[in-house]
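Below are two complexes that have subunit A in common, paired first with subunit B and then with subunit C.
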Partner chain A sequence: MNHQHHTNCQDTIQQLNAYLDDELDPQLCAQLEAHLESCTDCHIVYNTLKKTIQLCQSDGEEVALPADVRQRLLASLGLGEVDDTE
Partner chain B sequence: MRKQAPNVEIDLSALQRKDKGAFARLVDAHSPQIYRLGLKMLGNEQDAEDVLQETFIKAYQNIESFEGRSKISTWLYRIALNESLMRLRKRTDAQVDLDAGIETDDGEIIPRQIVDWCCLPEKELMSHESRQAIQRAITALSDANRAAFLLRDVEGLSTREAAEVLEISESALKVRLMRARLKLRELLTEYFSERMPESTP
Partner chain C sequence: MDEPALIQDALEGDLNAFNTLVLHYQDIAYNVAYRIMGEPGAADDAAQESFISAYQKLHQYRGGSFKAWLLRIVTNNCYDELRRRQRQPVLPLKPDLPDGEILEDPYWLEDEDATPEEHSEQAELHAAIQKCINELEIKFRTVLVLVDVEGLDYQTAAEAAGAPIGTVKSRLARARERVQDCLQGFWELLPENFRHRDEKMI
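Now for the complex of A and B:
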């Protein structure tokens, strides 16, 4: 996809992370929000960037420590509820 | 929203006496997070389990060197990351720098894929296949950027804590985080845009 990246878009992309983390100062925030209102491409980048982070978080939350891995861990530390089978 | 280690009371003096009960509590409080970090860092269960065991064996052996100035989770994450990085360096398959390509010469990142796939149903976004694509995208990051991303966005550490784990400045951490996030967005957009319903131009 070809689109022109004028200075405003580049600045916006550079500031998106700080914006997502609530670390952007209020004046820049207002400018950035105004740009997102008027620029479809940056708005899409913002939406998909936010969603990307959210999906990776949800994916991480689905990871559980398997019971057998936990048992082998405790066994390797001599804290086992299972016998050390070495 | 983010799951962090429960704030269990850590009895440092009991740990330093190598009290088994205190150590078992430490293991149970932190092992799920350490396992997840290893899994996402290395991309497979066996390596994740090895990193998990090594981390707690080293923690047990070196608990005297933990001074209690930072959180014990920070210390454990650091051991686990060093262990992960060591394993990654030993891998024979050469790492291709996939972070290149979206960066201009002066290091700015220009988004290329502009498709709004956020409207896809959650079921599709979090399907088994999608989660494999997410892991592939995470694996495609450089080790340094992946570590920064996992600590901040998956483990939910603050910028300061994540920088402390990696022993880098907060501004360096922010640069790595930004590159990681933008690269992931690029890769996931490639993946999900192919799954968008046909639209008429």
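Now for the complex of A and C:
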């Protein structure tokens, strides 16, 4: 029993990243979710990883290309300024 | 934007088509360079060089995601630039503090250009995240930037990083683990539910 439980925890922790990124096979998702519900340890790891990802994502505010860089870029490509609106 | 048509036109020498592609992707290219390089000046150069090489290498584009292809050029340019800079040693950014110790007036968080209002907790937390990401080795930082910061899926991130998906997965897991550990050094800035783990572990 203990061994089985241990293996499940290892599998779960290995799959957590893909699960949180929506990249895990749907069948495995169900198994993982069932394990998370019954295992406090894995649930803590899950919560912490989720928070870490959220913090990294919150760092993703768009930084616009500075106007002067853009001008240099277009000039160096031999391209004039064009309308940026799609 | 009809991307395949634009690429086709660009390949046939239509500068306007290439221009439209550049305008569409300039911000993500710049952002990826900015996060990988960790400073605006270097990102300017990397972004600019990337578009120039993209233009020169356009005939090598073999279909698939144009965004991934372009970001691959960006990450390669960043790698080259960082390799050139590696001769200059960089001071470690993370202070070595005993567990739970609170550092008053954290000098390593101070941003000389920041206004007083920006010294809010939120700004400090952002600075902390940025520093933790900057501390990662480049191959780990790249996948974290591509997936977490820029929101790419694994497949696109793998193409942009020039690595197999399995490698991207393992690097991403390691990168997140390291950021998590690093953020524990910024204890007092973290939202309460994030601190939960350590309390349970004691």
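Methods note: the second predicted complex is superposed on the first by the 65 of 86 C-alpha atoms of A that agree within 3 Å, B and C clash if a C-alpha of one lies under 4 Å from a C-alpha of the other, contacts with A are read in each partner's own complex, and residues count from 1 in each chain.
As a convention for this text, a contact is a pair of C-beta atoms (placed from the backbone, for glycine too) under 8 Å apart; a residue touches a chain by one contact, two chains touch by 3 or more.
All figures in this text were calculated on a predicted structure; none of them were measured in a lab.
Chemist: Just subunit B (first), just subunit C (second), both, or neither: which does A:P26 touch?
Modeler: neither
Chemist: If you stack the two complexes on chain A, which partner ends up touching A:L65: first (subunit B), second (subunit C), both, or neither?
Modeler: In the superposition, A:L65 contacts both subunit B and subunit C.
Chemist: Tell me the contact category for A:Q10 with respect to subunit B and subunit C: first, second, both or neither.
Modeler: After superposing on A, A:Q10 lies in contact with subunit B but is clear of subunit C.
Chemist: Go through subunit A and flag every residue that touches subunit B in one model and subunit C in the other.
Modeler: In subunit A, residues 17-18, 21, 23, 44-45, 47-49, 51-53, 55-60, 62-66, 69-70, 72-74, 76-79 are touched by subunit B and also by subunit C.
Chemist: Please output the residues of subunit C touching subunit A within their complex, sorted ascending.
Modeler: Against subunit A, subunit C makes touches at 1, 15-16, 18-20, 22-24, 26-27, 30-31, 34-35, 40, 44, 47-48, 51-52, 55, 125-126, 129-130, 133, 144, 147-151, 153-154, 169, 172-173, 176, 179-180, 183, 191, 193-194, 196-197, 200.
Chemist: Under the stated contact criterion, what part of subunit A meets subunit B in this complex?
Modeler: 1, 3, 5, 10, 13-14, 16-18, 21, 23, 41, 44-45, 47-49, 51-53, 55-66, 69-70, 72-74, 76-79
Chemist: Which subunit B residues qualify as touching subunit A in the complex?
Modeler: So the residues of subunit B touching subunit A come out as 1-3, 20, 23-24, 27, 31-32, 35-36, 39-40, 45, 49, 52-53, 56-57, 60, 108-118, 125-126, 130-131, 134-135, 138, 149-150, 153-156, 159, 174, 177-178, 181-182, 184-185, 188-189.
Chemist: Could you pull out which subunit A residues touch subunit C in their complex?
Modeler: Touch residues, subunit A against subunit C: 17-18, 21, 23, 44-45, 47-49, 51-53, 55-60, 62-66, 69-70, 72-74, 76-79, 82, 84, 86.
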